[in-house]
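In what follows, subunit A forms one complex with subunit B and a second complex with subunit C.
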Partner chain A sequence: MSAFLQQMINGLSIGSVYALMAVGYSLVYSIMNFSNFAHGGVIMIGAYMGFFLMTALELPFAVAFVLAAIGAGLLAVSLERIAYRPLRKRNAPFLYFIISAMGASIFLENIVVATIGPTFRTYPKVFSSTPFQFGQISVGRLDAIMFLISGISLMMLVYIIEKTKTGMAIKSTAYSIRASTLMGVNTDRIIFIVFGLGGVLAGIAGVLFGMKYTVYPQIGFITMKSFIAAVFGGLGSLPGAVIGSILLGVIETLTAGYFSSQYRDLIAFILLIAVLIWRPSGLMGKITEDKA
Partner chain B sequence: MKKRAFFLLISTVIILSLLVTGCSPKPTEPAAIDEPTEDVDVEVVNVGWIGSLTGDQAVWGNCEFNTVKMLFEEINENGGLLGKQINVIGYDTRGDAMEAVNAVRRLTSQDKIVALIGPNASGQAIAISSVLEEMKVPGIATVATNPKVTVDDNGQVKPFNFRVCFIDPYQGAVAAGYAKDVLGFTKAAILYDVADDYSQGLTEFFEMTFKEKGGEIVAKEGFKFGDVDFRPQLSKIKEANPEVLFMPYFFKEAALSANQARELGIDAVLMGGDGWPSEVLIEMAKEAIEGSYIVNHLDFADPDVQDFKATYTAKYNLPVELNGYLAYDAVRVLEQAIQNADSFDSVAIRDALKTVSVKGITGQINISADTHNPEGKDAAIIKIVDGDYIFQQKYSAE
Partner chain C sequence: MGWYYIQGILILSGIYLMAVLGLSLLTGFTGLFSFGHAGFMAVGAYTTAAMTIKFNVPFILALLIGGLAAALVSLVIGKLTLNLKGDYFCIATLGFGEAIRLILDNVQYFGGARGWPGIPLKTGLMNVIIFNVIAVVILVNLIKSRHGRNLQAIREEEMASQIIGINVFKYKMISLAISAAYAGIAGGMLAHYTGFLQPKMFQLIKSTELTIMVIFGGLGSISGSIIGAIVLTSLPEVLRAFDRWRLVVYGASVIFIMITRPQGLMGGYEITITNIKKLISRITSLGKKKHTIGGDN
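Take a look at the complex of A and B:
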């Protein structure tokens, strides 16, 4: 029993990292209807920002954390300006947005490899590595803090979307961008805000990921899993992204723990495909028409 | 129009950045480091070297090339080999197997080398074997540990490939033997990378040897290259309650998994192979890996290697990397083979290489005619104590 609980905690902790990353994908998808693959690049840059703020400038963790989140938000906003807005102005097909996003993601990865270097970096220790012990079960301090920060960030996001006027505008833009424009919503501004929010979440995810593991140019690769989790939960749905991520984390962990770690990805993804066959729009997805 | 121009500019920048950083430039001709001398057959004999002088592994390649040049200079000062002077010609492979093949082609056809030293990487060493065979020139790899470097897919030994380091499976057997016979552990667990030949080779032979010696493998869990979280596997390993946990992979994953293992309360002794030694490992996981054991090629503090280390450092003002020690032994092996062959004919040197036996600085090297590997070569067992690599003993698997 304690082994099962320990595995559940492992799964929740892995899932909460996926969730923080997946929400960014879903947020942009709900408005723009395309998968922003540059999101992984923003997460990676966020992680590097946090790292250099803490090591080169020796800022305390809290300051570095906030600055990295803001920096990643700015990066995401400028990406939107440079890589997506020109396409949007000319009503380019969605495929072009995806190509542009992939280009941006490869660009970010390579610019880091070329300037900072391909080797990985380690964050200085902020929290003690002694875990909290509950009988046989141990919970890492960093895990607990990550879970907390992820939870607070996601709740703040939900608050912005559900309780503010801007949030209302975001929801209406997600429903129909053309109708919202007709109703007087400044959709350019909404898209700007959505990318900013997604970027801030990416920065937070990047710093937390970097602290827990390491920082390296291919962090974006991990975000593929969170993208899959977002699809599984239903792209465009925020609760879907969170639930999909947590489920993916738990399924992966339990597969590794109770069946076979060698076949973990195989079994976990067969399950996911089965779910998508049963519900093509994902667990909580509302959008059913075929979009990229 | 302006926007279009801007977009074009951005796309051009993206494409250019890909071209520049995505793939390193690969000119067709390998870069010549030392110009070959003209009179090949009068007084001077050419020996070739290949390895990475640029790129990720440049620090290792440069150390090898420096070592090889330094040793042959010494040999030349003492009258040369069989009365002739040796000229070393080295080419950069940039860590690329295609470049290695080109370089070996040029060395064997144009520079008429009698033997080749290097490369250090298994991928390149495997790629050049057909050229060596075609040109009938023997090659001695330095740190290429993959079994396939000297043996083809059907288990036949490749006639012109040799090496001076032990192979991956042997490391696994040494680790198992040491864990069982010296440390007295009977319950072992393994965590390994399912997508990596090196990790699989070590795992397979650790498991086999440990079981043969009467031990029990209580858990064997896999992960895939690129994973950063190992807790699901480690939680399962914890349930099995092993005395020793074998982790045959590289230092980054080793550091992450060691930290996570301790976090989950696994108190088993950790063991790793030659992928571990690194300053980064200590920095990332100092407390977690305290008391762990590593199987390595040699002990850096061994009295036998101090002379070489001092001479090298005095000459180049650089520390000696692991590769330098094995390049040193490759030169000693070649020197011995040429003396035994009493000839600079490359086929005669090859025949002599099959039975070479010299005391190298990384241990006694007895090349086996059946495998072209140094048989029964001692491995060095290193223990991590207070964040330092402390030599324990030489150990060889029967």
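Take a look at the complex of A and C:
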């Protein structure tokens, strides 16, 4: 029983980081109806920024953390400017956005390989590795902090979306971009903000992920799993993305714990296909009905 | 730059051309997008290699069996996911492609993640060219037939095609199966060219590259796909000198194509003798016009 609880806690902690990433996919999807595959690249750059701010510039963790988040936000916004805005102005079909996003992710991954190199890098130790003990269950300090930071960031996002005027505009733009424009919402600005928010969360997720594991150019592939989580929860739905991520994190750690860690990735992709077959809109996705 | 090296690039271009031709049918002529064609290539590659090594089947027959296996797999996938709209079909194929790779990682019979060496080298420049010529002829005839026109109707307006009595689902299945078969055969040729198979060779990036080749050449143009496959397969080789930067350039140029010329190089036009004649006559008439206008000076 305690082993099971232990696995659940590990799953929650990794699931919460997935949630930070998945929310970025979902936010963009909810407004622009395409899967932003460049998001993985932004997460990776965020992780590298945090790493270099802490090692090369020797900044304290908190400062590096905030700067990496802001940097990733800026990167996401400029990606939107360069790779998506021209397509948006032309009303290009969704596929062009996906291809452009794929191009951006290839570009980001390889510019890191070309300039920094493909080696794995380990974050300096910030938190002591002695775990918190609750009876028989031990919770790693880093895991607990990951969960905490993710939770706070997500709550701030929910606050922005539910309580502020901008959040209202984001919701209305997600509902209908045309009607919102007619109602005087500056949708260009909303898209800018959405990419910025997604990018900031991606930066936070990148740093947390880098601290837990290592930093390397192909992190983007791991973030594919957070994309699966977003699909699982329902693309375009924020609560869906969070719930999907937590579930995926738990399912993954349980598979790794009880079967074999080799099947961990496979389970994720099989889950993706299964969800698409039986319930393409996910657990709580926005229903996309095609009117030809 | 010996002949051997150039020959290698040509063979590789030919192999990807085969897969791109199939994807061109699906994407360019039916309007369905797939990020799982590397998965079909993997199915074809492993089936073909298993046939030649474990069952001593002749190469050509093994290739056909590989293509058939990929087509069968695609029918199962299609049955389950072709009803999904736009983005979701894309995501489903993506998930499928990755799942195939991860399953192969765990099948020890085929060497698992460590790979499968010792596959006989049977793909040469000659048979690659012959296969591709056959593939192009079949594809051109298919597209010009009634069935091909039905596919293009679906691409243009799905609901309208349904109304005039085209069985949209059936035609999408046919298109998917044929394109998967092409990808499977390409995979088989690849296996017998490199002599070594590893699930890693069929990552998501490979599927993306295939789609990029089709789009680069121009959706709905076979000659465009041919140019796309050859240019984009040899481009990384040409850029080999700046090894580290070639994929950076590749990624940037993909974005550049999308934002500047999304209809691709050919933009739906074909290189045929009549089109070339038209082009020449247009150029010459353009020259004449200029002459008369400028005649006043």
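As a working rule, the second predicted complex is superposed on the first by the 268 of 292 C-alpha atoms of A that agree within 3 Å, B and C clash if a C-alpha of one lies under 4 Å from a C-alpha of the other, contacts with A are read in each partner's own complex, and residues count from 1 in each chain.
Note that a residue touches a chain if its C-beta (ideal position, glycine included) is under 8 Å from a C-beta of that chain, and two chains touch if they have at least 3 such contacts.
This one's a predicted model, so the numbers in the text were calculated from it and none came from an experiment.
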For this session: Could you say whether A:Ala83 touches subunit B, subunit C, both of them, or neither, answering first, second, both or neither?
Result: both
For this session: Scan A:Ile111 for contacts with subunit B and subunit C and give back first, second, both or neither.
Result: both
For this session: Check the residue A:Phe269 against both partner chains and state whether it touches subunit B (first), subunit C (second), both, or neither.
Result: second
Exercise. Between subunit B (first) and subunit C (second), which, if any, makes contact with A:Ser226: first, second, both or neither?
Worked result: neither
Exercise. With the two structures laid over each other on chain A, which partner does A:Tyr96 touch: subunit B (first), subunit C (second), both, or neither?
Worked result: second
For this session: Answer with first, second, both or neither: which of subunit B and subunit C does A:Gln6 touch in the superposed model?
Result: first
Exercise. Touching A:Ser245, do we find subunit B (first), subunit C (second), both, or neither?
Worked result: neither
Exercise. Between subunit B (first) and subunit C (second), which, if any, makes contact with A:Asn36: first, second, both or neither?
Worked result: neither
Problem set entry | Partner chain(s) touched by A:Thr173 [first = subunit B, second = subunit C, both, neither] | neither
Seminar exercise, completed: Where subunit B and subunit C land on the same part of subunit A: residues 82-83, 86-87, 103-104, 106-107, 110-111, 113-114, 221, 262, 265
Exercise. Considering the complex alone, what residue numbers of subunit C touch subunit A?
Worked result: 33, 80-81, 84-88, 90-92, 95-96, 98-99, 102-103, 105-106, 157-160, 204-205, 208, 211-212, 215, 244-245, 247-248, 250-255, 258-259, 262
Problem set entry | subunit A residues touching subunit B - in the complex, by the definition given at the top | 3, 6-7, 10-11, 13-14, 82-83, 86-87, 89, 103-104, 106-107, 110-111, 113-114, 118, 120, 122, 129, 131, 133, 138, 140, 212-214, 218, 221-222, 252-254, 256-257, 261-262, 264-265
Exercise. Given the complex with subunit C, which residues does subunit A contribute to the contact?
Worked result: 33-35, 82-83, 86-87, 90, 92, 94-96, 98-100, 102-111, 113-114, 221, 224, 228, 231, 235, 262-263, 265-266, 269-270, 272-273, 276-277, 280, 288, 290, 292
Exercise. Any idea which subunit B residues touch subunit A in the complex?
Worked result: 3-4, 6-7, 10-11, 13-14, 17-18, 20-22, 56, 194, 221-224, 226, 228-229, 231-233, 235-236, 238-239, 252, 256, 259, 262-265, 280, 283-284, 287-288
